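Quick notes on the structure that follows.
By written order: A, B, C and D. Residues from 1 in each chain.
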Amino acid sequence: MMAQIVGGYFTSHVPAIGGAIQRGDQQAEYWSPFFDGFPSVRQWLGDVSPDVAVVFYNDHGLNFFLDAMPTFAVGAAARYDNADEGWGLPVYKSFEGHPNLSWHVIETLVEAEFDITTCQKMMVDHALSIPFELAWPDAEAWPVKLVPIAINTVQFPLPSPRRCFALGQAVGRALRSWKGDERIVVMGTGGLSHQLEGARAGFMNPEYDRFCLDHLADDPAALTRHSAEEVAELAGTQGVEILNWIAARGALGDAPLAMVMRNYHVPISNTAAATVVLEPA
Amino acid sequence: MRGFELNAMCYSFNDAANRAAFVSDEEAYCRKYGLTEEQRAAVAARDVLAMLDAGGNVYYLAKLAGILGLNVQDLGALQTGRSVADFKAMLVAARAGVDADLGGLHLGQRASGTAQHRENA
Amino acid sequence: MMAQIVGGYFTSHVPAIGGAIQRGDQQAEYWSPFFDGFPSVRQWLGDVSPDVAVVFYNDHGLNFFLDAMPTFAVGAAARYDNADEGWGLPVYKSFEGHPNLSWHVIETLVEAEFDITTCQKMMVDHALSIPFELAWPDAEAWPVKLVPIAINTVQFPLPSPRRCFALGQAVGRALRSWKGDERIVVMGTGGLSHQLEGARAGFMNPEYDRFCLDHLADDPAALTRHSAEEVAELAGTQGVEILNWIAARGALGDAPLAMVMRNYHVPISNTAAATVVLEPA
Amino acid sequence: MRGFELNAMCYSFNDAANRAAFVSDEEAYCRKYGLTEEQRAAVAARDVLAMLDAGGNVYYLAKLAGILGLNVQDLGALQTGRSVADFKAMLVAARAGVDADLGGLHLGQRASGTAQHRENA
């Protein structure tokens, strides 16, 4: 009996998506090109019926602060709550954890010389909640348990794409060696290209986004040839959230994958938005 | 050093009570967090570029922006010296740079049918 | 102009040492075999006159808790304070940081794929204060600036000796490439063999301690052939603090070193105590 | 899972006010931290081995031990079923296992003199 990775789900997680959902704006002209990608995501999730989601994301200053900013943090809690992120918005649903699987991942990672921070209690932010709201819009409780893995995309120095990919590969090995019968979906959230700060605010880069989307399924190692600084230049200083996608892709294994769906739209808020589902070919 | 005090103040704004305290006495609240003169001046002037120069990190500054009633488009306009309408138009105009084979929804061939997936369970 | 590593100072950091200092018990029969090692440490420090101390240590539940337990944490603060560790004892002196050197170390480590947690604000505990009190007993303020590097010896899984040694080697490369004229002493604190918990409480192992002391100067790689679990077995569950020594030795470079002094005494409190000074041969 | 609640309570004892609150109403304080039944029973019984079995980590438990007036020798005695005097004697007896060439102070040859070191500066 071995756990099975059913595939990967990747999406942008811009806070404004939550606002659009709350207002019921999914079919508004501005939003529909983004939301129209999700029926196929939901159909796929229904088909592969995962029990657990292992999610690579970044915290936006809810759980982590600069007094102790981990490069990589892995949750090992029984439950993860959302909270006010500073704007007084409605608080998102809580997540049920999978502590035993978390500890298995943590032990595998430390053994493989990843110097993670282990979080037996942590809050999670919109970078987790929005992808879940998009995937399971009518759920009273999330249908999957959560293993959250946070990557520092907030404070330089950032881990390199190569290191994030290696982290994902090690997580993938941990998941495939887990002696449970869980069906696991891997998620990567954030991106694509965007920059909120400075004179280059509003920067997006469809060329780099295309490079990422074109190589994600078949040749993800191509994404690891840039340094983190180069990614910040190419994708924008917030577009470095592509690191979460790179790590998630690493967890899906070294073989080329089938692209179940892919959606790309410019802009939502200040961001080039994308959604992708990959599965074993 | 990298704006620690300013970022610490902004991080505190995750708490609604702290946001209220800032609004009711901004000077005292900034003093409590020990903002440098440069940081304090940037906050007083609502000058986002100066906050960044003073070490502010945009992930934390976004929480201060919320108090000031600014969303990310407003921030973008302020930082780039555009009107908000112009800034938004610039974002939408970027769509022209997206080729048809990149933009929009593309559905792939599933390698296997739904039934087969469920049987693997 | 390049910084220079003047050598390494290693010592046990048992809290009871602080009590003995407070009571003026340094020459009491129980304590003198330990304290008698320090005149030679102080003479050496006076000779090599360091400006900065880069210290590998472990936090004992003052600054870090299980909600976010880093494998490796590097301080980047301008100042580090001690605080009540739970026993209401007198609070130790504060430390002046060296943020620029800290950031140089942090950037080098992330570039070298060490997934550290960066701490722009942190408290430090007796594992730092006691080695300083022993080294500079009459100082009104510490004569060196501090770059603290904390290693998780508290919550399994622990980093392996091999990984800790590699961390130290990378820190050493960072220090040697620092374009300042600082004279840097590297410290490793904690150990040697002891176990506080369980049926084996009171366990000490002079055989393993001898192995460590005999190889530290000339062949530190020998210490990296055990797993962290084997070290816990050999040194006791608190004796794993030898990981701090291993990392510090790594920072001192790959060449064999000269042993300036070495002191070993059983027991102080529940611990096999040791003090060592190494310098370039 | 690995004693989180018990360890969280013990971590809170870094603060003197929390130590006082525990002493003045242990039951309420344990409830506040949501101790499991097993953890609560172990604390009530001052049973250190049971606290460890319930996931307590000795680095945090040491702070509770302080409140209970126990030092590491007392803890060792409790856990090994010895009197404190016997436990201390056992520690001292371990000295007999230390060879003369291992124990004690050994001064090495300095590779170079003091003057030379200063000249390198």
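Criterion: a contact is a pair of C-beta atoms (placed from the backbone, for glycine too) under 8 Å apart; a residue touches a chain by one contact, two chains touch by 3 or more.
Because the structure is predicted, anything quoted here is derived from the model rather than measured.
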{"item": "Between C-D and A-D, the pair with more C-beta contacts", "value": "C-D"}
{"item": "Centre distance in Å when subunit A and subunit D are each reduced to the mean of their C-alpha atoms", "value": "40"}
{"item": "Separation of mean Cα positions, subunit B and subunit A [Å, integer]", "value": "18"}
{"item": "Chain centre separation (subunit B, subunit D; CA means) in Å", "value": "45"}
{"item": "Multi-chain contact residues (two or more partners), subunit A", "value": "66-67, 120-121, 155"}
{"item": "Subunit B residues counted as touching two or more neighbouring chains", "value": "2, 4, 8"}
{"item": "Arrangement of touching chains [line / ring / star / complete / other]", "value": "other"}
{"item": "Interchain contacts (touch definition) - all pairs", "value": "A-B, A-C, A-D, B-C, C-D"}
{"item": "Subunit B residues within the subunit C interface of the complex", "value": "1-2, 4, 8"}
{"item": "Touching residues on subunit B, where the partner in the complex is subunit A", "value": "2, 4, 7-8, 10-11, 13-16, 19, 48-49, 52, 57-63, 66, 71-73, 75-76, 79-80, 87, 90-92, 94-95, 97-99, 102-111, 114, 117-118, 120-121"}
{"item": "In the complex, subunit C residues that touch subunit D", "value": "4, 6, 16, 33, 36-37, 40, 47-49, 60-62, 65-67, 83-88, 154-155, 181, 183, 196-199, 201-202, 204, 206, 209-210, 213, 237-238, 258-267, 269-270, 272, 279-281"}
{"item": "Residues of subunit A touching subunit C in the complex", "value": "64, 66-73, 106-107, 110-111, 113-122, 155, 157-160, 162-163, 166-167"}
{"item": "Residue numbers on subunit C that touch subunit B, as the complex places them", "value": "76, 78, 99, 120-121"}
